[in-house]
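What follows is chain A paired twice: with chain B in the first complex and chain C in the second.
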Partner chain A sequence: MTQHSVVGVSAPRIDAYDKVTGRAVYVGDMKFPHMLQGKVLRSPYAHALVKRIDTSKALALPGVRCVLTSKDVPDIPFTLCGHPLPFDTPLDARIFATHVRYVGDPVAAVAAETREIAEKALGLIEVEYEELPFYLTPQEALAEGAMEIHEGSGNLCGETDLAFGDVDQALKDADYVVEDEYDSPIVTHAQIEPHVSIVIPDPKDGRLTVYASTQCPSIMRERLAYILGLDRRKIHLIKMTVGGGFGGKQEPVYEQINCVLAQACGCPVMLELTREENLACTRTRHTTHYKIRTGVNKDGTIVAREIDIEQNTGAYASHGHNVFFNQFGQFDSLYPCPNMRVRGRTVYTNILIAAAMRGYGIPQYCIANESHLDHVAQVIGMDPLTLRQKNLYQLGQERKYAPPHSVGSCGLPQVIEEGRRRIGYDEFRKAPPQDEGPIKYGIGVALSSYNSCVYSHSVELSAARILVQDDASATLFLGCTEIGQGADTAMAQIAAETLGIPLDWVTVKEGDTDLCPFDAGAYASRQTYVTGNAVKQAALKCKAQMLDRAAKLLERPAAELDTRLGKVIDKATGEEIGDLRKVAEDMVYHLTEGNTCCHEVGYIPTTNALNYAATFAIVGVDTETGQYEVKKLVTCMDCGTLINPQAAMGQLTGGTIMCFGFGTMEQILIDPKTGRVHNDTLLDYKIPTFADLPPIDAHFIETVEPSSAYGNKSLGEPPNVTPAAAIHNAVCNALGIQIPSNPLTPERVYLAIAENKKKQGGV
Partner chain B sequence: MHTIQMTVNGSLWTGQVEDGETLLETLRTRLGLTGTKRGCEVGECGACTVLIDGVPTTSCLYLATLADGKSITTIEGLSVDGKLSPLQQAFIDAGAVQCGFCTPGMILSAHALLQRDPHPTKETIKTALSGNMCRCATYEQVTEAVQRAAEVIAAHVGT
Partner chain C sequence: MYSVSELYIPQTLGEALAYLSEHPDTRPLAGGTDVLVQMRAKRLEDVRLMSLEKLPELTGIRCREDGVVEIGALTTFTQLAASETVAQRAPMLRTAALAMGGPQIQNRATIGGNVCNGATSADSAPGLFALDAVLVLQSAAGERRVPITEFYSGPGRVKRDPKELLLHIELPAAAPRHGDCYLKFSTRKAMDLALIGCAAACEIGEDGAVSKAAIALGVAAPTPIRASEAEAFLTGRKPGLEDLEEAGRLALQSASPRSSWRASKEYREQLIRTLAKRAFRAAYESAGGVL
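Now for the complex of A and B:
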């Protein structure tokens, strides 16, 4: 492997100083003269028609500057989905609803001098609703006679039926057919920074400057212009420090409402959601129902798979059926099977909107499928890990179902072996720990594969511009987005490595659509994989120009020269032979040949590398109470070559803990009588805290992915996939039962134990 | 309106606050100390943690009028002339920062912990910081940072 100077080094994050001193500026920290505060009036009903709105009393309240309803704003149907053009989900949303489809659907908004006045004004808006029947589950929404939530939709937002091979015959011929159903819960991003934006209208030309906490500045600019019926040049999007995204800030959430408030008032408006609004009225992961059937032979060969995925997308499509496609994309990259049938349905209901969330369908698919595989193993009397290993994807194997990308690197066998060794899998299997009173021990495993971008499903352009200054320092202009995951530092490392300069010579400017080139944004774990290539290619162009200059200065052929950490070196010997700062100076200030050095490259991937992971868990379950403790959680990952090992480990352990939350405690609860979210506070919507942490042993297996800048692959989302499933399987293993849903709260475990006892005829 | 006087990061501040105004609002809007973050406004997330007479407190639940005569430390008060405190430096070195929104509150809670217990165990750290939520879940790295800082401070005191 080539020895690198900057890539592969655990350099401190370039944004860390500002973040530990309070200097980092988030949107909510900004103040502008005459800035107003916005507030949104929301539907109290899950499904209703707005018959009448009277805003006169609210408008009369001193300090109120405007009150807007649907009649005051453009009536342009749009999709919330934060993907690049063309639109890939139904255009089913409006700025304000007249037909409200969930509790929290915006019907009006206020801008006032203070937040308190704005809140008071909301209470003075009179709205008359005609209540309609509402549906909280796909089953209800698809029942015969159900009213359409979106006209003409039949309450289906997307539907796919696909078959490969001869599934029916293979199921008939299989030694066993095992069938399971599984339900995953509604969970939400719960970023600690609430959704917030500031919009400043320019009185000269109506151009809006939008300060946003967004993952996708380029897409946000396009979408806001579309929603408002403006030319895109009328939107200047500036992304500030983002206090957590996790998918929830991939799309416009309330920014469009803030835009119309600012337009109407002609002055800056801040719209910041409360914690309660964040939890009950923003975005979630799709709650999904799975039916999985597997045909398997006695020797463990899986001969047929049938998967039925029913996603509840809530009131509007947002990312909708795309989340199904992402799951489908993983079917043959982990457990390929010649005979496969898949059915996907994405259904409208009257709950809050499901959208993109870290993992994009794969965490719920993983827990459903991996718990099913444990059941399959139990039926045929085989060790669950052996069953998986018998059916694993092998490097070089043809991929049929998903876009048939070749796989360039696969550390799957290694992550399994490493995890197996670290947890002591074989030892546990041979001699499981003795029960301790009511405590039984169990072990579980889960595997995953994960894409490194959305190619070739959707547009995947990322661009980078590098300006080499007259001292060989570099300014990196990116549409790529730092949202906490460490993208700025990773991109700076790739630029520094390629240019051959120290990391602290690189400055990153990102997220300003007037200055920075297009980038689809921070989602699909794509930034280091896609933008990383753009940065490397732009840096190579800059380096070539610098070496041409160096060749003239040093009177050596450029081909004999290289750069490293700010020096010109002899490529063959590595000997330092010049100062890159002098070269850059000469490049700019040369009397007749002076020139600037600035190159921009737009990059589109030509394949889609796969991350592989294995997680193992050991738990001790109290069979009397349903309480359990995760004794050991080992997670091993192949995300290619690490650009910044320390930052990478932060993603791996952080994602592991987030997934632990998904598997064990997180769930948005909805009142069946009203459709309201019960738990809209962080006391009631549980996310992992220091007090909850399982002991984590996280480890990377490095491979070299040929299609990326420095051997790297996806990393942001995949840590949030396998841990929940491994814990789930360990608990089920301890108890010898299947639990067909998560989160595994002690209550759920207790009830499962009780039900099993009843089935067994016990007490 | 009430006139209050408090010491903020070592400097005396005298000013007027509203009846129901929280210390969080005073710090952010009147003093411009926006390092103190607003995450939930009901004392659940810990992002607004500041030290009041050395005690970590969720400033969103603390009335500004009660801060009269008190000494307040915010994240802006931990570094001196741009030089980071050992704990701030340890947060950087241990990779304990991701999105950074919880970081100021987390650091202040940890700072108070090290003041009262210079050699905290992992369990002590977990307990002391369990009121500071981090959705990026940097908990492993924060624990390491606090332990590293403890070592640095001990070494410094020792010399």
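Now for the complex of A and C:
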């Protein structure tokens, strides 16, 4: 492996100092002269028609500047999905609803001098609703005679049936057929920074400057212009420091409402959600019902797989059926099988909107499928890890079901072996710990594969512009988005490494659509994989120009020269022979040959690298209360070569914590009588505290991915996939039962134990 | 978001009691960790607040010569957890203090506020119930002493006269061989409310027989309760494992847990059985009892 100077080094994050000292500026910190505060009036009903709205009392309240309803704003149907053009989900949303489809659907908005006045004004808006029957589950929404939530949809937002090979025959021929059902919960991003925006209209031409907390400035600009019926040049999007996205800030969520408020008032408006709104009225992970059948032979060979996926997308499509496609994309990259049938249905209901969330379908698919595999192993009497290893994807194996990407690197066998060793898998299996009173011990494993972008499903363009200054320092202009994951630092490291300058010579400017080139944005774990290539290629062009200049200065052929940490070096010997700052100075200030050095490259990937991970867990379960303790949690991951090992470990640890919450305690609970969210506070929507976390042993196995800038692969989402499934399997292993849903709250575990006891007593 | 009609900050106890007499609609404000939450949720609006921050009579933890421990109403959970006096008399109160909320909330929240808020989930309540703590209240008309077991009247309701302030809480002097234990069961280990809280206190004779048994439960009924059937069963016994199981079952007889979206009745009942058994066992053993 080539020895690098900047890449592969644990440099401090370039945004860390500002964040930990409170200097970083978030949208909610900003103040502008005459800035108003916006508030949204929401439907109290899960499904209803707005028959009449009277805003006159609200408008008469001193301090109120405008009150808007559907009749005041463009009536352009749009999709709440945050993907680049072309639209790939139904255009089923409006700025304000007249047909409200979930508790929280916006029906009006107010801008006022203070938030208190705006809030008071909401209470003065009179709305008459005609209540309609509402449906909270796909089962209810697809029942015969159910009313259509979106006209003409039949309450189906997307449907797919695919089969490969001869599934029926293979199931007939298999030694065993194992079948399971599984339900995953509604969970939400719970970003520490709620959704917030400031919109400033320019009175001379109506151009809107939008300060946003977004993962995708380029997409947000395009989509806001579309929703508002404006030319795109009328939107200037500026992304500020983002306090967490996790997929929830991929698309416009309330920014469009803030735009119409600012347009109507002609002055800056801030619209910031409360914690309660952020939990109950933004975006979630799809709650999904799985039916899985596996045909397996005695020797552990899986001969047929049949998977039925039913996603509840809530009131609007947003990312909708795309989340199914992402799950389907992983079917043959981990456990390929010649005979396979998959059916996916994405269903409209009257709950809050499911959309993109870290892992995009894969965490729920992983926990359903990995718990099913444990059941398969139990039925055929095989060790669960052995069963998996018998059916693993092998490097070089042809992929049939997903878009046929070649796989350039696969550390799957190594992550399994390393995890197995670290947890002491074989020792546990050979001699499981004795019960201690009511405490029983169990071990579990879960594996995953994960894409590094969305190629070839949708547009994947990322661009980078690098301006090398007259002192060889560099300014990076990126559409790539720092949302807390460390993208700015990774891009700066790639630029510094490629240019041959120290990291602190690089400045990153990103997220301003007037200054920065297009980038699809921070989702699909794609930034370092895709934008990293754009940065490297732009840097190579800048470097070539500098070396040309250096060749003239040093009177050596450019081909014999290289750069490292701000010096010109002899390529062959590594000897320092010049100062890159002098080269850059000469490049700019030369009397006749002076020139600037600025290059922009747009990059589209031509394949889709795969991240592989294995998590192992050991738990002790208190069978009298259902409470359990995760004694050991080991994750080993192949995300290619690490750009910044310490930042990478932050991602792996953070994702593990998020997934721990998904597996063990997080769930949005909805009142079946009203459709309202019960738990819209962080007391009752339980994200784990540090006191709850198990000891986490996270470890990387480095491979070299040939299709990326420096051997790297996806890292943003994959850590949020396997931990929940491994813990789930460990608890089930301890108890010798299946639990077909998560989160594994102590109550759920205890009730499963009690039910199992009843069943056994009844036999 | 926080709608306050008036905020009064008395400088002396006399001023405070006079103000309460004049304005019985006043909501005393101690740490604010309940009051502000209720205001944000609009369960309290246009509220008249009286801050207790300047009243030294309500602070401090003292052990009197007669062995009675007085805990000032404004004692924060951080102070409660740090107090050696409390730890010696009733270590379970330290456990309860550290089980409540998180460090920030423990720094603000007070034991008096926790009790007067009237929540059945209050972490301090089961321990104070099990110890037969006495509340000392004062109004302009004079002082009143109420056993905590008679103080709660319903969910979120206590028998504090609107003109009264809780001054301090008295813990009776300890018997020679005593032990206690508080077990909080919640989904999270911090920043959470109890699904069931259970405190047990125990005094034993030299022979190891239980001379006094107390088991108190939070969230097992609309108010904190004592499990008197279980207590009666245990009193006078040298309990064995079977007896503890039976005590757990009997504890359920005093309880009336409900199903809510936070937890089912069936599960809360199992928690009551299990926690009562485990808490009493721990209390008995810490009193020197051997099973």
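Everything below uses one rule, namely that the second predicted complex is superposed on the first by the 761 of 763 C-alpha atoms of A that agree within 3 Å, B and C clash if a C-alpha of one lies under 4 Å from a C-alpha of the other, contacts with A are read in each partner's own complex, and residues count from 1 in each chain.
Methods note: a residue touches a chain if its C-beta (ideal position, glycine included) is under 8 Å from a C-beta of that chain, and two chains touch if they have at least 3 such contacts.
This is a predicted model, so every value here is computed, not measured.
In the superposed model, A:485 lies in contact with chain B only, and not with chain C. Once chain A of one complex is fitted onto chain A of the other, the partner contacts of A:26 are limited to chain B, with no touch recorded for chain C. Contacts of A:500 after superposition: neither chain B nor chain C is touched.
When the shared chain is aligned, chain B comes close enough to touch A:646, but chain C does not. When the two structures are aligned on the shared chain, A:683 is found in touch with chain B and with chain C.
In the superposition on chain A, contact is made by A:691 with both chain B and chain C.
More residues of chain A lie in contact with B than with the other chain of the pair chain B and chain C. Within the superposed three-chain model, A:624 lies in touch with chain C and out of touch with chain B [touch as defined at top]. In the superposition on chain A, the residues of chain A contacted by chain B and by chain C overlap at 682-683, 688-691.
Residues of chain B touching chain A in their complex: 28-29, 33-42, 44-45, 47, 74-76, 78-79, 84, 88, 91-93, 95, 97-104, 107, 125-127, 129-142. Residues of chain C touching chain A in their complex: 1, 102, 185, 187-193, 195, 261-264, 266-267, 270-271, 274.
By the touch rule above, chain A contacts chain B in their complex via residues 10, 12-13, 15-26, 28-29, 31, 189-194, 241-246, 274-275, 483-486, 646-647, 649-650, 653-658, 681-683, 687-691, 693, 696.
Listing the residues of chain A that touch chain C in their complex gives 115-116, 119, 624-627, 665, 669, 671, 678-679, 682-684, 686, 688-692, 745-747, 750-751, 754.
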